[in-house]
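A, B and C label the chains in the order they appear, each numbered from 1.
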Amino acid sequence: MLLISWLSLFTWSSITISPLDALQALYQFDQDSIAQHIVRDLRLPRVLVALLVGACLAAAGVIMQGLTLNPLASPSVLGVNAGAALGMALVSTITPWFGLLGTTMAAMIGGGLAWSLVMLLGSGWRTGNEQGRLVLAGVAISALCAALTKALVIIEEDQASAVITWLAGSLTDARWQTFDAFWPVAVVGLLGASLLSPSLNLLQLGDDNARNLGVSIGFVKLIGSFLVLLLVGASLGAVGSISFVGLLVPHMAKLLIGQDHRRFLPIAILLGASLVALADTLSRAIIFPMETPAGAILALIGAPFFIYMVRKKTL
Amino acid sequence: MSLSTQQLSVGYHQKAIVKHIDLNLPEGKIIALLGPNGCGKSTLLKALARLLTPMQGEVQWQGKALHKIPSKQLARQIALLPQTQPIPEGIKVKDLVAYGRSPYTGFWGRTNQADQEIIHQVMQETGISELAEQLVSELSGGQRQRVWLAMTLAQDTPYLLLDEPTTYMDLNHQVELMHLLRRLNQQGKTIITVLHDINQAARYCDHLIVMKEGHIIQQGLPTDVLTRELLKSVFSLEAQIHQDPIAKTPMCVVE
Amino acid sequence: MKLVSYFFILSLITLFLVIANLLFGAVSVPLDSIVDAFWDHTNPNHFTIHEYRFPRIIIALLVGAMMALAGALVQGVIRNPLASPDILGVSHGAGLAAVIYMTFFPDAAIEWLPLVALLGSFLAAIILWRLCGQHSTTVKLAITGVALAALYASCVDFLMLVKPLEINNALLWLTGSLWGRGWTQLSLLLPWLVLIPAALWLAKPLNLIHLGDEHATSLGTHTNTVRLAALAIAVGLTASCVAICGPIGFLGLVAPHLTRKLVGGRHQALLPATMLVGAILLLLADLAARTIDPPIELPAGIMTAIIGAPYFLWLLLRSK
């Protein structure tokens, strides 16, 4: 992870930055070097935001898969992303620009509403063999939210550009103030996720067994859902719609470490952070010097994996 | 012999379930296929109805291989009632029965006067005339089974193949069905049916074919076929053979 | 007979919507001057009616009918209430192929677009078939289709981001809109109309396939041939529509369902009726899309998604 971050600090820049500059900017800051200024003011916050976003989305994916016992559960598949986008679009087109905190809240509320609808309609709380249904409900809600978002964007053209950038999920505009608004929420969410992981282990045994072992199912699910919203809302509010990290990373972590949530949650967080940082680095590389949003790259990696998961899993 | 098999092997996924069977199915009789689960009786029936393609050998109809006969022509000779039926949505009973006429109708599926008469007649025969306007999906299980039977009968074929037709029926409907099969047989139809209940087969059928592990063990009249030894070797059953006090057919009573 | 009255009412609604579509929009044209405006070159509304609204309405009629027909064929063959070309990723496959074509050969003739789309949708159908096989459950087939659709969509997004110069052309086309479609596009669509009688020809065997393979075979149907033919026609219909309007979501899913509620499941009635219902839905969607906030237009595809996604959810709830 550290390696990728360091790479990301100096590679594919419009102005040449040496690897050494990248390190010096951190430890011995030189006021006169433009390269070091770029690293410190643009690259560093960007990398940090990327890492945090990856961590948050991965943790959210772990929680969602743990709560629903559904290997396909993740923010983008179950409609949270699209709902959050709709919330953002509503706030930024109908009422004037609220600033980062306002949109984050809107994203959280929209995502929360979409997710609860999906869980209700797809009977997601009844853990069992209804896994495919849940996913299809998520897809339908996503389609609905996406259509409404597009309609809003077209009708309220003057506010549209912000939403469109946001929809693509790009880290280009991540600055220190993004990071400042983002990190407290992210840290709270990640801490909460770690605290929840022992209960998630027990939930894997099925509701009845978990209840026997003294887990308060309703409470765990409520807290879990809230944490998901916190994590997803915060990261979507900061950088926009980034999909498939929440789906992909928990499975990678499980492959590496095994099924114990207490152990694979931290690994998933690290993996998620590296993945998004890597995608962001690549996003500058693909058609240098222009930038391709990291979200688009992740979607390209993620969709085939999604298909692979559907195939492997007997639904 | 109209329907026969030559060295027929058939099964699923390269695995033969029915193995090298030579069989002549006597015309004008009610024939029962019997045997324990997995013996291949349903598979054999499906091969006779060309639902399964033989892996070796062939099924012949009037000396001609089944797959060489145009399917529409064959559909006027052999009809099959499978074991389980789908529940089609949005189809009325009379429409479903009319589908049985499709081997005779043109491309748009229009029925003429003669078709309508046959449809009317089979609906009466199976006792579903008053259900004509209802949707198939809204019927009870027993009613639905009779509707499907009516559709198969509307196909108006000399050969009628049935796969465990009584399994999901109430007892009174089972008896009704067997009597109906008798009547159809007297009208000249050859009926080949897979049955679960040995006594039912012995009572209503003229010819029993007993199978085990893909081979035919014994066939012939019920009185000749049903013996203590056969029941023991095929069904692993210790049973006595008595005479049915009413029908005078053999009846096995488990010890 | 009841069936006849349904057809009569559906045709009446279609006619009514055609007229409404002619009348309303950014500029309202009075009813009594429509015929005049169509024929008379000096009429101030001649351009609006003749060059703009009229061909567009015909395209909406045809595309709606063809998409609905494709959906009915697919649902008839797969016996899966959640199936339709757009859920199964066929539309998006066609879309991806067309976007690739337009981004890499921006100067190429648009006459080839339907064929390119056809190629894409056939590939998408084959990929889905290879992934799922014949015996997949309803839900698995739908999810795989949706996942493939997501993949194609993200490829399209990616292409548009990588090749931003061609973006306008592609974006305009991609949204599933009838905007700016005129006589040229209409003429591209016409050859594909032969698929409609071909589809109707399959009405009878489709009925029998609806009864399950065992019954269908026993009644003298070549099940695999019918299946292949129906799917090929459905793919062709979808591709030609997508080539003109881009993927219009949920139409192929919703229209056959609504129609089945009205006229029942016999394909002799279902196929023609669903074409009318599809045309009605698309005309309605386009009318709404043009009149909600004039002069801004929404793509009709967005309107169909707003109606269609809840309907899909309802179906999902109901299907056990």
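Basically, a contact is a pair of C-beta atoms (placed from the backbone, for glycine too) under 8 Å apart; a residue touches a chain by one contact, two chains touch by 3 or more.
According to UniProt, the chain labels map to these proteins: A, C = Iron complex transport system permease protein; B = Iron complex transport system ATP-binding protein.
Just so it is clear, the structure is predicted and the values come from calculations on it, not from any experiment.
Chain centre most remote from that of chain C: B (centre = mean of CA atoms). Nearest to the global CA centroid, when each chain is reduced to the mean of its CA atoms, is chain C. Remark: chain B and chain C have CA centroids separated by 44 Å (rounded to whole angstrom).
Centre-to-centre spacing of chain A and chain C amounts to 34 Å, using the average Cα coordinate of each chain.
Inter-chain spacing, taken between the CA centroids of chain A and chain B, is 60 Å. Residues of chain B in contact with at least two other chains: none. Against chain C, in their complex, chain A makes its touches with residues 72, 121-122, 132-133, 135-137, 139-141, 143-144, 146-148, 150-151, 154-155, 157, 168, 286-287, 290, 292-293, 296-297, 299-300, 302-304, 306-307, 310-311, 314-315. Residue ranges of chain C in contact with chain B, taken from their complex: 79, 201, 203-204, 207-208, 210-215, 217-222, 260-261, 264-266, 268, 270. Residues 46, 49-51, 71-76, 78-80, 82, 85-86, 88-92, 95-96, 99-100, 102-103, 105, 107-109, 135, 151-152, 155 of chain B touch chain C in their complex.
Residues 82, 131, 137, 139-140, 142-144, 146-148, 150-151, 154-155, 157-158, 161-162, 164, 175, 249-250, 292-293, 296-299, 301-303, 305-306, 308-310, 312-313, 316-317 of chain C are the ones that touch chain A when the two sit in their complex.
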